[in-house]
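What follows is a group of structures, each given as structure tokens.
Next come two complexes built around chain A: one with chain B, the other with chain C.
Coming up: the complex of A and B.
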């Protein structure tokens, strides 16, 4: 029996070991590949870049802990860019864990911008999560504070916060842009309850696997732009001049992609052996 | 009666929600906001029911020493322990934040990371060229893999254009067809539930 014939009965644990070694190598010795910005990422960047100082931006965080590695760099890059444009940022979450993720990432971003580090309630606010999140989102188009029971993520009263006096309603008159950072189906309520009725341009930051699902909405004009996966995050970081956190992910995922391709080819060669 | 009451409740609740969404006159009474509050309350009630149900199932498993009953203890300790911490402390306090970042974070990341291993195994055993269709699928997967990883654009500059075309034409068309089909199916099911024709959610016919 030749070595190739032995591969026909290859124990899958060898494949797992190969995947582990390749991804670990990608993380330990990053392959720096600066991707060319796609048209989608550039559109997202241009829309944020055109914001006037003090513009209202609604950021809806849907993803949880499992998708943090892929979406945290993207969220940080976008929030950092918005902070550099002096936008007023209202954050809400679709799950309890997402509200904590948003708090962590925005806390890191705010630390880099003095106006945001000391500007909670004026420059940004984290509304957190409410049960029946879709209902809260829809109700925010009538009044944000009431939709979130009048308190923020940590239970502080929203009454008197300057940001919600300037941006009391989630509508086109107050908000210039809306984002959803999503690893599941959180984008849908943003389209149904925010983008379509209010005409606020909606952008989605999504994990790579979700990008194909978003294509029909993009083609129909219901989404203004999609930033896709680690690659989209790296492109956005480069365009917005933000700290390069996603480059490592792009390098590691490139190595993993080559490994998966090699495994696919090997599987086909082995299957054709007599 | 056991079946008729839930059917009528479903019809009334569904009709009420449809009316609040479709007729602005209904919303002028402010009833849509009442409906929103009822939905929020039902979410909270559902969470409470889930909490109680999970506790009962796992307590029974522990009492009966069913296989893997030790994990039931872990589940109950984690569920009541973390709930207790959040009951006593705000989410932003150091202890809940530490548990979130250092216990839940690695667990979820590990679960998500396991996908890579399954993809590798599937790539080896399932992605076999057996027909023209499967060859096309393999070629599209290879193009998308390299294109998404940013490596394709480095190898050949036209790669990004090819990927953009795949996403804009075949992927958009395919997903649009799937989504329209699913929406029509959901609409049909909703109409059946509203009219009381759909009864499978109430249990078996003998129940």
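Coming up: the complex of A and C.
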């Protein structure tokens, strides 16, 4: 029996160990890959870049802790870009967990921009989560403060906040963004209740797994742009000149992809041996 | 190496979970039970803190808030199905729920579907638009099951549609694999960087 034939009876746990070692190598010796920006990411960048100073942007965050690895760098890059364009950022969340995630990421971005660090209520606000989030999202097209019961995520009154005087209803936003883990709960309400009725350009940032599901909406013009996975995040970071966090992920993913391909090829060769 | 108790706990639990890939073992079992127990407790607190308490404190207690007792009563009626002789009471909230859901979807879904339909009607001026039409019609043909003997062109179109669907599923599966590796990377980075203090 040759070495290749013996591989046919290889314990699958060796493959798990291989995957772990490849991933550990990516963490120990990061391979930074800055991908060439795709047309989709460039469209997303151009939309944000074209915003006038003080433009209102509605950011809807759906994801939780399980998707932070891919979506946090993306959200940070886009929020950082919007802050550099002096946009007014209204954040809402689809779950209490997403509200905390958004607060953390925006807090890190605000620390880099003095106007945002001291400008809560003027430059940005976190509305947080409300039960029946679809209803709140739909109601925000009639009045954002009322839809979120007049308080932000920490219970502070929205009355008197300059940002909601400049952007009292969602329809006045120049741009709406959603960051979603899941196609059903995440981006669908943005298409149903925001993009289609109001015609506000909607951009979705999604994990790589969900990107194919978004393509029909993008092709039909129901979405203005899509940023997909760690690669899309790395592309956006490069375009917007934001701190590079995602290119390490792209490097690790590339190493993992090579490993998976090698295992698949080897498995097929071994399976066809006499 | 980290001196934080939280990091050590996280790291050891991570290793215990990963140990299941080798074989079933007591460390994995303890972690599994711990996880289920914590998730149940967390879920209870999460529901009270984020769903029930805000409604009770901010809405039921507000002037005119008594109307919020109606959905509370409807919710309680759902449990009537467990009381012999009173099961019929559960039909009212279910009827309202389904009726509301159907009306809500009908109010919003058609606009999105019309957008998808018009998005499919493209001029055939590029390779991608021709590919879109071929794959769209092929996809439809794949799901024509009502004819016992499908004519040749329909069978060919169905085969093209099946390949288009397979390619789409392959792309989605590739994305899924990479996404899972990204999750693994996050946890391995935690072990290597935060726990062991290695790496850049």
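Keep in mind that, in the parts below, the second predicted complex is superposed on the first by the 260 of 274 C-alpha atoms of A that agree within 3 Å, B and C clash if a C-alpha of one lies under 4 Å from a C-alpha of the other, contacts with A are read in each partner's own complex, and residues count from 1 in each chain.
Definition applied: a residue touches a chain if its C-beta (ideal position, glycine included) is under 8 Å from a C-beta of that chain, and two chains touch if they have at least 3 such contacts.
Keep in mind it's a predicted model, so treat the numbers as computed, not measured.
Once chain A is used to superpose the two complexes, chain B occupies space that clashes with chain C. When both complexes are overlaid on chain A, the residue A:222 reaches chain C alone and has no touch with chain B.
In the superposed model, more residues of chain A are touched by B than by the other of chain B and chain C. When the two complexes are overlaid on their common chain A, residue A:117 makes contact with neither chain B nor chain C.
Once the two complexes are overlaid on the shared chain, A:26 sits against chain C while remaining clear of chain B.
In the superposed model, A:100 makes contact with chain B only, not with chain C. In the superposed model, A:47 makes contact with neither chain B nor chain C.
Looking at the shared chain after the overlay, A:18 reaches chain B, while chain C stays out of its contact range. Contacts of A:139 after superposition: chain B is touched, whereas chain C is not reached. By the document's definition of touching, both partners, chain B and chain C, reach A:253. Look at A:192: by the touch rule set out above, it reaches chain C but stays clear of chain B. Superposing the two complexes on chain A places one of the chain C stretches 20-28, 38-46 or 56-64 into chain B: stretch 38-46. Residues 16, 19-20, 23, 66, 68-69, 96, 131, 208, 211-213, 216, 219, 229, 253, 256-257, 260 of chain A lie in contact with chain B in one complex and with chain C in the other. Those residues of chain C whose C-beta lies close enough to touch chain A in the complex are 18, 21-22, 46, 49-51, 54-55, 58-59, 108-109, 111-112, 115-116, 118-120, 132, 168, 171-172, 175-179, 181-186, 188-189, 191-193, 198-200.
Residues of chain A touching chain B in their complex: 10, 12, 15-16, 18-20, 23, 33, 35-36, 38-39, 64-69, 96-97, 99-100, 103-104, 128, 130-132, 135-136, 138-139, 142, 153-155, 208, 211-213, 215-216, 218-219, 228-229, 231, 234, 250, 253-254, 256-261, 263-264, 266-268, 271. For chain A in complex with chain C, the touching residues are 13, 16, 19-20, 23-24, 26-30, 66, 68-70, 96, 129, 131, 149, 191-193, 196-197, 207-213, 216-217, 219-222, 229-230, 249, 252-253, 256-257, 260. Only residues 33, 36, 39-40, 42-44, 47, 90-92, 97, 100-101, 104-105, 107-109, 111-112, 116-117, 119-121, 123-125, 127-129, 138, 141-142, 145-146, 148-151, 153-154, 157, 160, 164, 167-168, 171-172, 175-176, 179 of chain B touch chain A when the two sit together in their complex.
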